[in-house]
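If you scroll down you'll find the structure; I have some questions about it.
Here the chain labels run A, B, C, D, E and F in written order, and each chain numbers its own residues starting at 1.
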Amino acid sequence: MRIEEMTRDEFVAAVAKRPVVIVPFGACEAHGPHLPLGTDSYQPEALADEVARRLGGLVAPMVRYGQHSSTKKMPGTLGVRMETLKVLAIDIMESLIANGIDKIVLVSGHAGTIHLAALKSACEEIVENHEVRLMMLTDYDIAFKFTGDYCGEEPDGHGGTIETARVMAIRPELVRNRRGKGSCTSSNYMVVCHPEDHYPDGYVGDAKKASKDMGKEINKRIADELSQMVQKNFEG
Amino acid sequence: MRIEEMTRDEFVAAVAKRPVVIVPFGACEAHGPHLPLGTDSYQPEALADEVARRLGGLVAPMVRYGQHSSTKKMPGTLGVRMETLKVLAIDIMESLIANGIDKIVLVSGHAGTIHLAALKSACEEIVENHEVRLMMLTDYDIAFKFTGDYCGEEPDGHGGTIETARVMAIRPELVRNRRGKGSCTSSNYMVVCHPEDHYPDGYVGDAKKASKDMGKEINKRIADELSQMVQKNFEG
Amino acid sequence: MRIEEMTRDEFVAAVAKRPVVIVPFGACEAHGPHLPLGTDSYQPEALADEVARRLGGLVAPMVRYGQHSSTKKMPGTLGVRMETLKVLAIDIMESLIANGIDKIVLVSGHAGTIHLAALKSACEEIVENHEVRLMMLTDYDIAFKFTGDYCGEEPDGHGGTIETARVMAIRPELVRNRRGKGSCTSSNYMVVCHPEDHYPDGYVGDAKKASKDMGKEINKRIADELSQMVQKNFEG
Amino acid sequence: MRIEEMTRDEFVAAVAKRPVVIVPFGACEAHGPHLPLGTDSYQPEALADEVARRLGGLVAPMVRYGQHSSTKKMPGTLGVRMETLKVLAIDIMESLIANGIDKIVLVSGHAGTIHLAALKSACEEIVENHEVRLMMLTDYDIAFKFTGDYCGEEPDGHGGTIETARVMAIRPELVRNRRGKGSCTSSNYMVVCHPEDHYPDGYVGDAKKASKDMGKEINKRIADELSQMVQKNFEG
Amino acid sequence: MRIEEMTRDEFVAAVAKRPVVIVPFGACEAHGPHLPLGTDSYQPEALADEVARRLGGLVAPMVRYGQHSSTKKMPGTLGVRMETLKVLAIDIMESLIANGIDKIVLVSGHAGTIHLAALKSACEEIVENHEVRLMMLTDYDIAFKFTGDYCGEEPDGHGGTIETARVMAIRPELVRNRRGKGSCTSSNYMVVCHPEDHYPDGYVGDAKKASKDMGKEINKRIADELSQMVQKNFEG
Amino acid sequence: MRIEEMTRDEFVAAVAKRPVVIVPFGACEAHGPHLPLGTDSYQPEALADEVARRLGGLVAPMVRYGQHSSTKKMPGTLGVRMETLKVLAIDIMESLIANGIDKIVLVSGHAGTIHLAALKSACEEIVENHEVRLMMLTDYDIAFKFTGDYCGEEPDGHGGTIETARVMAIRPELVRNRRGKGSCTSSNYMVVCHPEDHYPDGYVGDAKKASKDMGKEINKRIADELSQMVQKNFEG
């Protein structure tokens, strides 16, 4: 159930049951020529809805902007600074806690290292200052455990087989046919002004291999595993 | 067209036409016993989509959290600090500008004074530092011009006739029947720890008077007027 | 009694009586060709002194800078940022509270929306963190209730009839004869780099209509009403 | 001439002559049983007025709050944080510079080390980012050169002979008779929660020795020297 | 050559040759019962000295504090916040750049994800605002490529075989004999107030397997690889 | 004993004895043609080691960057902002306190006024928020008491007789022969963009007069006095 869709009193009744609240964090980011910019939002949004449905949890309003590094200057990437993301996450969690919520799962569809570190740092401040049980992950923490099953030994990453398949299952009308095999080159630890130069295709992996059915299966496996993890982490 | 739904290359093609980009700002806020917490998000979201459709504009990913004062401690209100909202708005606008956008309309569904001041202050910094044409308003700047037509002399505000009607037109399944006449008392300029005490009903106005048809009409009038204003402001 | 004029021990004795402390916030802002830049300081300063005199309250040192939007680039406007004003107000109030003060009235002579929001936001943080009774308003919250009595249906605002009259009563030697009727044009919700372009006269209203006697009367009415409000808000 | 007392157009005319603008920084601070809390404001205010009068300069609105360490918990001290003071000073100076001012003298009546460092740091950022000639000092940088003439070998400091005499010359009605010899003990470099414990009298020096005539003389000597320094620093 | 050991004029002469400057970032962090708290400082310090020696580079003064998550509440961990680390890194790099340095290598001995993200974010701001070539890595980016050679399939991490061996080669007198096999348990993505509970030994890997000779070899391999990478990255 | 050189368990054992912890703050700053840039680090580092040795105290990892004003644009000065230094000092002290330390001595080798104010301000926040005994000074608070014994009436300051002698005793191999008599001119309270113009030699005093033996004696006198002060301040 999405919190936005509840009235004040329905929310009060729901909170009384001490539900898990899932806060999805998305992004607006270039994902090659074939995937929509909202790719990193659609995935955790669908996942949060599904896991909440299974567990009787709530879904908080989604954050649709993230922090970006390698893709930050690709057209269509709309991002925020690390500091902004962190204070935003803190404010949202403190607001939930002030409403009596004590079980929070923060799921990020974007998995950039600075982005995740901002969220992690926000979470660490929250648990230091509040009595709350708090879980934080990206759905790709789970998805990449399955990569081998779909991609074999081939590298697969941003906008690759897994991600393309998942979006095909969620928003098929938004996936374009212009997809092939993308790769990136190493910056060799240089921090550069134009990181997109190392990313000529804008995605990594074989997007052609993806299919809607594959995506449905992957999405189900992620939802299965996340549901189990959440249940285990928050039971008792 | 929503930016999130475009691929990188579709976005590039769209930006080449120098479109207006509408950035909707919503909120998750208690709106009495009859309206969903996402009331302030659904309205500008629908408005932005409609105006963009008419004018060939783009809609940026929505911000679904705002800053709250009088309702901040009512159940279901999930808000952020003034400073957070301001930096978030700045980051988003700078990201759009870096993508070549030079016509931005920021529309807020929530109309709290500190909330709007945070957005206004963000906008002022943007125009000081960037070459961009920027419009900022709340849809209630327009809606309240029509209040008399629907409410006569009766006070109408947060969660009242106008707002209830509008949400009935957008998300009818989310509006509950438990609605009557709400009112608030003056705090007499005291800034208090529990402002909700002055707001026993949680809304102001006659919610019973609202109807789906009324809402459709109001929404159309707002879209008409905003479209004209945008066209006039950004022509040339 | 102004706090600045008391010795340490006189202050201790005064605080023991649990007085109301009024903190006046002024500004240095262009007010057309006829009014001094300190217009927004002289009014709340005189008001604070008068109300404190009547109620046995104290007046804290005045803040003589505010935040400005529409007039920010007019010559003579000296302003500070929203964030600066907020932290300044917080620090002053926390300092008063640390001195044992538990009744504070913050009166702003300037009534810009971002300016007032900064003060309001400061006040909200104060009441969240401290046991204090706190009132915040601008003297124009009161003055504009009387506008009709002096200006009829004509628009009156920044530097207009009311404000000119009030300064004529307080600092007559600083009001110049070059005064007529000023007006402004709407920016139509555009946030612009040069807002003063919409404000060719730099003031709004009929400054000629103002007189010293009118100003005395208005100032008295404001002092009367504010005194009553303060008494009512802080009694018990 | 005080800027606050000028109209917009008078200010424009004055700025055209490229005047020096003096920005006085005061404080509200306990100064023993005999001196008013505004002691550190009255002195630089009078000094700024006098030097501006002599040199045809302007006086900006005064800042009446400073940062305090040793006296911060004495009754009547109302202070702000180091960071607040710094941003306030930066904003004011940038506002003056935006108005075309290129000669600024910042004079602080309070001489605490953190207070002065905050102002100094603000000044350093200003000269790094703007074309402006900027002078910063406390009137006690000058006054303490004369200490020997009035106090011999005796220690004289906060609220002592010099300061008492100066306030007697400026605001005689505010100086109380309860004055003797004050002293403080060393904290031996310990930073303590109650620094006022080392300052039992709340002032240092022989306040009895002060007289109004002495104060007039000292104030004149300071004004003489500061006028010369300003002239020399800003000529050409 | 360490910059601290040069005089002003020697530094000027060295900068004229456009050297690479290595900035080592260390940490003070619990590393099990056998390794010194300065483990993460000693390694990059020795590495920086060696690589600078080989390439004619300079070594900037070391930062000896980092940001810590999993070990933050273990005794002996002394850390700073993410934000602090970031501004510190920015200030240092800007200071180097102001001195004419245009080739910087930032090497961190600590490899926590938030810690590295703070440094990475600092670096991204630097390359956005300055003309400088900038490399950033942790020596464990290199070291863990060799893990298999020394640890086989066994997990090795914080305070394990590699790290113990490396410190035995650099500061043998500081390594204690109380070392065995350490392991940690998964927090299953929970962010907890006491992360050290998942880390009962305080280190991960087989510390017994380490030897001074192994450490020398590893240190040499890292220095070899880093020297080559730096040469390649900064040539031309 | 340096904390960095202890293992976790040795640190626990040491803390149980409630030791004084000395935190040395250094700098990397131009010190004329004869002294190394690390001059302000070597002195407090050696002093901290010596005092800790005598008193059974601990030495925290050194901070090797400070804030600089007059020398900030001299080649080789690498500095940080006031705000950075302050948060760094706060974080370090809070980390020590979280480890059970309740006696801290912060010793700065650099004595710039803004630098010291940043540290002082950090210390004031610490004692306001924590139960800790805290001492803060620069070794030059002690050293300059002896200046007359070595320099007579001649001015001696940054890089002069005392400082040269002290470094000759600590790191003789780093002191160059190119030393004479340095002096600076007054900026007459002007805050300028190029303060180094007032400091043509980059040091003040007669560096030729310095000797290694003199340095040893001075260093011993400082260590003697500081040890006594620490003992006296922290006994009981």
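Remarks
What we mean here is this: a contact is a pair of C-beta atoms (placed from the backbone, for glycine too) under 8 Å apart; a residue touches a chain by one contact, two chains touch by 3 or more.
Note that the coordinates shown come from a computational prediction; the quantities given were computed from them, not determined experimentally.
Under the touch definition stated at the top, chain B and chain C share no contacting partner at all. Chains touching both chain E and chain F: none.
On residue numbers, the B-C interface is repeated by A-E, which shares over half of its contact pairs, out of the options E-F, A-E or C-D. With centres defined by CA atoms alone, the chain at the far end from chain F is B. Set against the Cα centre of chain A, the chain with the most distant centre is D. Work out the mean CA point of chain B and of chain F, and you get 56 Å between them.
With centres taken as mean Cα positions, chain F sits 48 Å from chain A. Counting partner chains per residue, chain F has residues 83 touching two or more of them. The ring of chains, read from chain A with the first step to chain E, runs A, E, F, D, C, B. Of all the residues in chain D, the ones that touch chain C in their complex are 2-9, 11-12, 15, 26, 28, 30-38, 41, 60-65, 73-81, 83-84, 87-88, 91-92, 95-96, 98-99, 171, 174, 176, 178, 202.
Those residues of chain C whose C-beta lies close enough to touch chain B in the complex are 69, 82-83, 86, 113-114, 116-118, 120-121, 123-124, 126-128, 133-137, 141, 188-193, 229, 232-233.
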